[in-house]
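Letters A, B, C and D mark the chains as written, and numbering starts fresh at 1 in each.
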Amino acid sequence: MRLTVQWQDRSREPHAGQFYMLRAWAADATPILSRPISVDDFDNQTGALTFLYQVKGEGTHKLAALKKDDTLTVTGPCGNGFDTAALAGQYKRIAVVGGGIGTAPLLLLCKELCRAGVRPDLFVGFRDTTYGMDRFVPWCRDIYAATDSGKEGHHGLVTDLLDVSKYDIVLTCGPMVMMRGVAKLCAAAGVPCLASLEKKMACGLGACLGCTCHTKIGPVTVCKDGPVFNAQEVFD
Amino acid sequence: MRLTVQWQDRSREPHAGQFYMLRAWAADATPILSRPISVDDFDNQTGALTFLYQVKGEGTHKLAALKKDDTLTVTGPCGNGFDTAALAGQYKRIAVVGGGIGTAPLLLLCKELCRAGVRPDLFVGFRDTTYGMDRFVPWCRDIYAATDSGKEGHHGLVTDLLDVSKYDIVLTCGPMVMMRGVAKLCAAAGVPCLASLEKKMACGLGACLGCTCHTKIGPVTVCKDGPVFNAQEVFD
Amino acid sequence: MADLHVDFLGKRLAGPVIAASGTFGFGPEYAGIEDLRVLGGISGKGLTLNGQPGNEGERLYETPSGLMNSIGLQNPGVQHFIDHELPAMRRCGTTVWANLGGHTIEENVEGVQMLCAAGVDFIELNISCPNVKQGGLAFGIRAADAGEVVSAVRKVCTVPLIVKLSPQAESIPEMCKAVEAAGADAISLCNTFQACAIDLEKRRPVFNNTFAGLSGPAVRPIALRMVWQAVGAVSIPVVGLGGILTGKDALEFIMAGAAAVQVGTANFLDPKACTRITNEIGQWMDAHGVKTLDEIRGCAR
Amino acid sequence: MADLHVDFLGKRLAGPVIAASGTFGFGPEYAGIEDLRVLGGISGKGLTLNGQPGNEGERLYETPSGLMNSIGLQNPGVQHFIDHELPAMRRCGTTVWANLGGHTIEENVEGVQMLCAAGVDFIELNISCPNVKQGGLAFGIRAADAGEVVSAVRKVCTVPLIVKLSPQAESIPEMCKAVEAAGADAISLCNTFQACAIDLEKRRPVFNNTFAGLSGPAVRPIALRMVWQAVGAVSIPVVGLGGILTGKDALEFIMAGAAAVQVGTANFLDPKACTRITNEIGQWMDAHGVKTLDEIRGCAR
């Protein structure tokens, strides 16, 4: 499902890898917590802010039931996101690896990298069929796809397609198993890797410590210190 | 607001003065309790069961938001109601007195009395303007209306219009102050009076004792022993 | 379809769901609505020896995911129950739990004797009643007070005795141990949570007694914690309740070790709640290849 | 517009709403979202002398109208707080409440000394910490244990001392009296309710520690009851909290006699909750011709 809102606050424009806390229901309605959803795309000309999400349970169901002109509370942008200017400055060959709905935050990432001068290679894994890939085409050098069922692209894991040694850095977002696999390949090849993590969240602001992740560098909040971390610090 | 549903269970047909527990929201949604609403009309040919209600708070608001084909849980018919056959057999001159939304259960009452052979006189009090009176015309002998503002009918209380000594029995439903006033007139004139009470309810079945009313004949449940009571037993 | 029966204190309950006291009348009120034979039992409205008219003023108040009530144990008294309500309760086709409370030990003892003689299946002793001799503190707060009343009742109780605990107990584990030591055959918990609401317009408490009892989904996580503690504290069976609305809620209590569950407030939210919850438990078991409740009872511990 | 200030232990609070510990970071997290100067104060994330990494496993779980958390007092330690978080907390433009817990009396005493020296406005002593010397029972359960730790802290505490109570206290009135007698300047209550949830698929508790703390609107009626009891038990001010989401909720606590209120979980449901609730209180007062909170404080008693 896609959702577009107008983001007015030009002093705090969202960038790739950041997210918002979304609430399409009253403060006293269920679910009690707001839901974190990544920025799928942001058009800094029009202020159009897009989210791409999968209906999982009550929260995303209520998001999907929103009708035009309904009110939606969005808090953000939250988190560190990817510093694409610095990345494009430092690394020339960049692989972006995503899986399933984890591809949501990658569109803006590819766009920003491309605009900053590096056209990344995109590796995506899906269960059955790919979706939304056409939007990536203008911003990527090559796109490699794998599906679990083999219905489309490579029959198998996205990591099968990825030769990390060809890249200066790998950026990944998706299911934990996939990110773990990518991080392992990178660690073995000595290639830096940044991973975007997910955790249940209450505040999204670093205030409640509900989304703490215990890492080699100590406890960090996924919502404020992350969601983007150096993969070697969070995976063993 | 009016709401019509199909009532299939022909073995338990609703009659005048009875009510249903209505719930237009999930078991785990707010408000936690279902809402009691009187039978406004029941067509035993088609099974069309009509409710007439005023939007007061969350519960009636959610009822009003129902769209065609939405699901609604109705439990009932609840309560004793008026035994119109017996009433029409025993009393020849019947006054029916209602106020505001308290007129809701009176339509079916007048209809049933009329069909049982007694065309009652109807006395109604409203704040500003009467509503729904046209539906009563076929079933009543005379209709007397009063409004607090004087915009329509008598300027004042409905009890001003009522000479209870002209009647063999008075049946009333509406705000407590009005029913108290009617009961007092009846008591003074020695005319029997039946009043339909309201209380907050949880079960509507006589099971929780949440709607108990302490009367001269002991504690009674409004939902099961009532809502129709001998006024002399409940008002002092 | 999974086997839902529960062997409980020498009786066979058809299912693990028992209607909770005070929310189900004496059973017949719901007989036209659902098939009561699939239930494990019906716990009747709380009785006192001589009956009482209950409280004046507001009796019900809604809170977020909860319900407050101040019925004040309105009931017709034990003899009236035996003469008028018990026969119909028996005809519901499930076990009869007589829920009894009393303001003195003597009242409790006499009530239990009469109920046992009348042939109820179980006595559920509600020790949340304010103890007039102890200055109004409920029997259910201090373990020693509870032990005393349970011991006295035990002596005359000829049917299985379940003691229903209050969440206001100073310590749930100590209360459970005292009640077990005093001879209870099982424990049920918990009763409603003492709570308060204030009417802003009137600038006084909603309820005449200031406090009233909170029940419903809001309290479920606290009730489940208390049931977990109770199961860990004693070796007699524990019947869990508090806020159960779905089969999954009930399964949480069973996985915590509850022998069976009771369903109260949910009956108001859905008059078919007891049978629906029973069915949902069965469906979950079928979907997970669980054949009997014994396979999963206490498995989360 | 109504005057919302509160004179509290010798300080002037701009409003009756204080952000509750553990839900508001140390303040700056919310500074970009709402104007913190209308708040009565900010109670910072609970500190322990040496800091701790907090719990592993699930930390958050949603329940009907409630939230369970098992953060495990993750905090950077008192010295780190003084050096790094306190300066920014002071810049929020409201009073600084340092919330402190400790597993031993000595830890509490040392932490309080450091915080007083660093110039916090208030100490809020959280006695829900499991007391390692007392075998893991929290200081906040038995009145005698609480009295001991409060007495010790009182001797070294040079700023006003608020003691934050746990709803697990054996008896709220007795606990309040013990804490007052031991020298507390005020009481705040209540902390989260010990609760449990079970993951049916994993067949084990959701939280590694089995139990976790329940907060949010679900517990409000119980918290309000405890606040009512506390106000009746002591003559020092009582700060009320638990499930407050609207101005009307807050007014219930104030009419029950609370000097001020704290708002916790509501910050997650609405990041502007503290200022919104403050405004709603003012609007209600205006609509009812109430000029100061003193006019209505405790009026429902």
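The criterion applied here is as follows: a residue touches a chain if its C-beta (ideal position, glycine included) is under 8 Å from a C-beta of that chain, and two chains touch if they have at least 3 such contacts.
Just so we're on the same page, UniProt names per chain: A, B = Dihydroorotate dehydrogenase electron transfer subunit; C, D = Dihydroorotate dehydrogenase.
The structure presented is a predicted model; accordingly, all values stated were derived computationally and were not measured.
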item: Each chain counted as touching chain C (Dihydroorotate dehydrogenase) and chain D (Dihydroorotate dehydrogenase) at once; value: none
item: Chain pair with the greatest number of C-beta contact pairs; value: C-D
item: From chain D (Dihydroorotate dehydrogenase), the most remote chain by mean C-alpha position; value: B
item: Approximate Å spacing (C-alpha centroids) for the pair chain A, chain D (Dihydroorotate dehydrogenase); value: 36
item: Rounded Å distance between chain A and chain C (Dihydroorotate dehydrogenase), as computed from the means of their C-alpha atoms; value: 49
item: Multi-chain contact sites of chain B, meaning residues that touch two or more partners; value: 28, 30
item: Numbers and ranges of chain D (Dihydroorotate dehydrogenase) residues touching at least 2 other chains; value: 63-66, 216-217
item: Complex contacts: residues of chain A adjacent to chain D (Dihydroorotate dehydrogenase); value: 21, 23, 27-28, 30-34, 73, 75, 200-203, 205-212, 214, 218-219, 224
item: Of chain D (Dihydroorotate dehydrogenase), residues touching chain C (Dihydroorotate dehydrogenase) in the complex; value: 63-66, 68, 141, 170-171, 193-200, 203-205, 210-211, 214, 216-222, 224-225, 228, 243, 248, 251-252, 255-256, 284, 296, 299-300
item: Contact footprint of chain A on chain D (Dihydroorotate dehydrogenase) as seen in their complex; value: 22-25, 29-30, 33, 45, 53-54, 56, 58-60, 62-67, 69, 71, 74, 216-217, 245-246, 265-271, 273
